[in-house]
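Each of the next two complexes has chain A plus one other chain: chain B in the first, chain C in the second.
Right, the complex of A and B next:
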């Protein structure tokens, strides 16, 4: 019967298409056409979406998980920001995740998620993301959907051309937006030119655990490094970075960084540099940066401060770095699934510039150079150019691919997505976005094998798309069906924070790996208790450690006396549930932190420093069960000099 | 055992399909159930989860001595209650306990027109909250009666090592993910 429905709708849509006169994108109802579109995004109650979409939260510091094609929000994953909803960055176990060389930083600006790959195809192990402001790279597990690791990037500032991965996840790459003095020093800003450096950082990924380690930093000329993408297939082993401000201006960049007719895409042969480094090349430089790792078995993060980084001077590795001239302050720097084309979108250009990897290699062989910049050869523009897309749009930014020979580029100023053909450069379709689109995302569109059925356009300006909510509107995203020759606008949904960029994949890649519970018998948290019978309270000077259990629907213990003003009280809460989707929460009146949410089988710690004498309640914040409202307890706080004995009970009895 | 539970669940879904006489649409996340538009609303009972500890329904289904109880739960269409977040303490009579009822009682209760009576009788064996043996002993010691899901109060008595509820002796206890099952030797009738 379903087949019939599909056939019928196809027939109806064909009819509608015949009758329509290019009204797609109109906001009004379109009869049969509209109902057909509705069916394409309708995921019936109890049914599931085809694909995951991980949208960056931008200045929220978080990553949001949506379903495609429904646009339903499934989860917000805290990455660089404290998150009271789970207690991330508030619990004692997760505070170290937000540690940096500047100390504890409760926030960052998350921009570019990228899913791990094997042989250039998405493998669904991890998703990486960059923090722009205080440069950091995060690794998020795609089994627990939790942030497992954050590494700070030294010598970097405005960590924007990040966090893109090579095609076997050998490296996650982070390029600096701002060039800065390396190492930092007190000097006049006006002496920027020729003195500041732009660090491109290659962070090695341990294949078993995903652990991150800075392999080397390439100290490039003091340009702004904007975006980057790895070579793939034939160009695997290279990495491409767009640059702007090759003028090396340090003020009013909107004018002074727009002087040169062409800036560069930097082509980096990282395999060559890797070999150089493996043979003892590079210079170790003192640097201070935090490396924070969350251990799933102890449910605890540790932060280690590193004090050295290996730097590479481009001049020391001849033949590894070239500049490809690209008009006009290129922003997006995208590589097609075959690895042949490198696409640079000059934000001030009307056209899209496409470079050829083959031509680049030939030009390097024949030394067709047009001078150099700080010793780095500049390849003749005409000798590397594959073609130019005469788009008719304004402000091209980013390009993704469908794996069928088509490319899709967003245009910020003309608010549209333009579909064009690789190789012929002809524009085959264009559809408006609402409004001022930044990135776009095709699931897998940043790999050798796109999962291309939908395209998500992420917009910067919302205006009138939704019911107004005061001066600030959430950003908007639009979903297009790209399975046909023409794109079709399907749906429009608000996003949280700034949906700067996104990564997506088929649901099948992740569904069966998603963790349901943590086994209590595998819990190696030092303050875990294996059963409620082990619950206890221990005093160590002014420190009080409460080993507390939760199981529907009570805390063990739930009455505690002998706590004193000035104590540091640690609630180590083990959730003894072994049942999917049954966390318990914990919150204490007057506690200067957020609640925490403890997953089944997990232990988490919340710190409370009681300041007032009295009897103070705590309760479970997660609606866990029919008797959730009964899940509560009391703590008696006595004066600092009191001699009330420590005691703890459940139902009036000792435990 | 997990495989067995799954098989039983599949069987249960199939049974529910065959027995249902009240066609109703319900979205379900499991593939088995998504074809079962004729099923009575199974709700959470249709969630497929091979990782979590088994819930009360799954434990009961996997226990041969409770096949009569399970059949009753299914006939009364209250499966979803036993997989709910609860927590619940279920006093589960073994098959022999049902066999000991006056002749014809069980057959009568299993008739569709007596569904509600059957549901009431079974629900009378469930207490909101999780009471393990120690908790039940505390009930007896502190003179508290056990509040059952039907609103009845049952007395908990302790005789040496034996604990009885509503006059039915507990002969075994199984922890479930959403509560506790105490196996009892007789049906607790009003």
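Right, the complex of A and C next:
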């Protein structure tokens, strides 16, 4: 009898196990539901997505976080733009993040996110992104999902072939799209040719904290360095940049930079240059660039101006740089997961050019060169070419990989994604996109180990895909299931700003590392208070510092008198909650800045310069609790010559 | 009698589990708390099930005017209970050893069990008083002053054991490892008494 009970229990648990496995495996599997497209993107209420997708926001300056396969937006992370939602770039602590050698710049054009890697696989520590306009590289933490560091890139202009990382995150690489005089000087534009330079910048990443430091800048001929990708596996140690305008035109580029039948992919042996630099090579050049670092424990950013950069002249490191001829102004420059194939997408071509890393090394050994450009050897086209994909499409741009021997290339002009086989170059499938697709992203697709289940195509033109919203619309993205032989269009979703590229990873990589709160006992902000009992107001000449606490549902203090017209009033708000997802906000009537949103355990500072006598209210901007509406206070502002004493209270009592 | 002594030693040693594991747990779950808040009741104080649970429960309780949860110094129980546990465990182990050596009657095991049961009942009674006090002695200026349909003020004491709905919260109150070990230990002392008595009867019969 007893053994029967045990047996039955075991049997039932085994059944339960089978059923639970079946449920977990249903989505996107080959079960009875696989023909049901809606089921594949449906994430039921309360359930969570399988993967994260980080889409660049382009001219929004920010990075957006989506879930796959649902296409739901989770967060917009402010990076290069002021963001009133959180107070980023408005709070005293974050203003330094947007400092540059040109001064405070509240905006940039965020292009190419890339997740940190170890041994060529995504490790989920940080995500990097480039600001295209005023060249900058940002590092965003994947535990707080906040921007932690921004470094300006000197001698660069149009920071576009960025911010791609090497396979152990040794470097984040930033190449210039626009060549410029280096150093900058007053000279005729028409003397561009042979005088302008293209800086390719290798920024070392500190492995413990992720801190960025420019190791060297390679001053290349004055072409346009468009996109880049690292070598991986066998080609680790190399970096590949596509170029256009090898004609070195300085006007009407759409015609004048389209004259050469072939431009180049520049192959850079960065390990060789690193060795050269480590042995004292290179020339130090005066340069001015900002380095902004946000400290999680002080919740404060500091901006430091640097004044020197190490430059390397390609001629001084022979054997480190080669040009691979590539037809028709190549745009995308992608490397397959094995590191063997370098794919150049001539954007004016119908075909995709694939170079072989092995053939490149052999050609270099045998010196199969077809002349040189400014002393840099040009390898014979036929001696480096692995194959060419006769795509049947028009305007190839970018390629990602599924880790199963297939490549997927977007075609801007013919609005489609084409799937083709590495090695045989045959086209396997093609699916339309809506419309004029730019980048595409397969989570892990830019690593040794892609997670080839979903593909996201990011389009430039929306037209009729959604309900119309006037002339300006969000862009449109499509999700395809790529687990089968043929691609399957699953879903359309609007994207914020203009996504140029994206990075994605399995949810498991980040879920458990995502912070819930900041610990109040680890808050080292100089104006933090550890408990509401420490709340106070201090005057220092015309500066007034208010050490204010927030906890559901009141400010401490909430009545302040003795403030005068012409004062500079700093509200240092510490959120004393230690509970997940309980931020408090702060805003002051007539304050010429944004509100701030303070996370549990965090301190943020908002500046107010009162101009009018009166009694002015402030309130919490985040609906924090049932008594959120009661979370308010008053400040009495007296004339500049008033002798009202400074006082601060809560519920009529001194604190 | 040897076996009974060993069981008595094991049983009374199990009380020491109270110094490692929580005795009892009260857990509060609500729609906006998918990860419920929990209080682990240890013999020497209260601890949050997650690090900041006590602070967060106090934060919620201030709406209904409940006192903040007691720190170890706020209640005599948290200094007396550990002493009682040490004493009873020591006593149990001592009579277990004496039993093992055949120097005492197994009736003492029963005496220990009865004494422990009385102390346990007093403890539970005290615990209940404490719950009622916290659930009913509310700040008259509380933010939320709720009344039952019959007009009496609403009480917020969690159940002594089991489940109870408190406003939007589901409160669950159950023993944890320390409390379970205590129960098992007491049961074992009872077992040791019966085994010891049986062994005695047999040996007496044999002697006859």
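We adopt the following convention: the second predicted complex is superposed on the first by the 620 of 655 C-alpha atoms of A that agree within 3 Å, B and C clash if a C-alpha of one lies under 4 Å from a C-alpha of the other, contacts with A are read in each partner's own complex, and residues count from 1 in each chain.
By our rule, a residue touches a chain if its C-beta (ideal position, glycine included) is under 8 Å from a C-beta of that chain, and two chains touch if they have at least 3 such contacts.
Every value quoted in this text rests on a predicted model; they were computed, and no experiment measured them.
Chemist: Identify whether chain B and chain C fit side by side or clash on chain A in the overlaid structures.
Modeler: With chain A as the common anchor, chain B and chain C collide in the superposed model.
Chemist: Counting only touches as set out at the top, which of chain B and chain C does A:255 meet: first, second, both, neither?
Modeler: In the superposition, A:255 contacts neither chain B nor chain C.
Chemist: Classify the contacts of A:578 with the two partner chains as first (chain B alone), second (chain C alone), both, or neither.
Modeler: Both chain B and chain C are touched by A:578.
Chemist: Touch test for A:653: chain B only (first), chain C only (second), both, or neither?
Modeler: first
Chemist: Between chain B (first) and chain C (second), which does A:624 come into contact with in this model arrangement: first, second, both, or neither?
Modeler: Only chain B is touched by A:624; chain C is not.
Chemist: Should A:552 be classified as contacting the first partner (chain B), the second (chain C), both, or neither?
Modeler: both
Chemist: Between chain B and chain C, pick out the one touching the greater number of residues of chain A.
Modeler: More residues of chain A are touched by B.
Chemist: In the overlaid three-chain picture, which partner chain does A:44 touch, first (chain B) or second (chain C), both, or neither?
Modeler: In the superposition, A:44 contacts chain B only.
Chemist: Touching A:194 in the superposition: chain B (first), chain C (second), both, neither?
Modeler: neither
Chemist: Taking 75-83, 93-101 or 129-137 from chain C, which overlaps chain B after aligning chain A?
Modeler: Only 129-137 shows clashing C-alpha atoms.
Chemist: By the touch definition above, which chain A residues appear in both interfaces, chain B in one complex and chain C in the other?
Modeler: Touching chain B and chain C on chain A: residues 517, 551-552, 577-580, 626-627.
Chemist: Quick check on the complex: what are the chain A residues that touch chain C?
Modeler: Answer in residue numbers: 517, 551-552, 577-580, 626-627.
Chemist: Taking the complex as given, what residues does chain A use to touch chain B?
Modeler: 44-48, 516-517, 551-553, 577-580, 582, 600, 624-627, 651, 653
Chemist: So in the complex, which bits of chain C are touching chain A?
Modeler: 35, 51-52, 55-56, 59, 63, 143
Chemist: Residues of chain B touching chain A in their complex?
Modeler: Contacts found on chain B: 26-29, 34, 49, 51-53, 55, 84-87, 128-130, 135, 138, 177-179.
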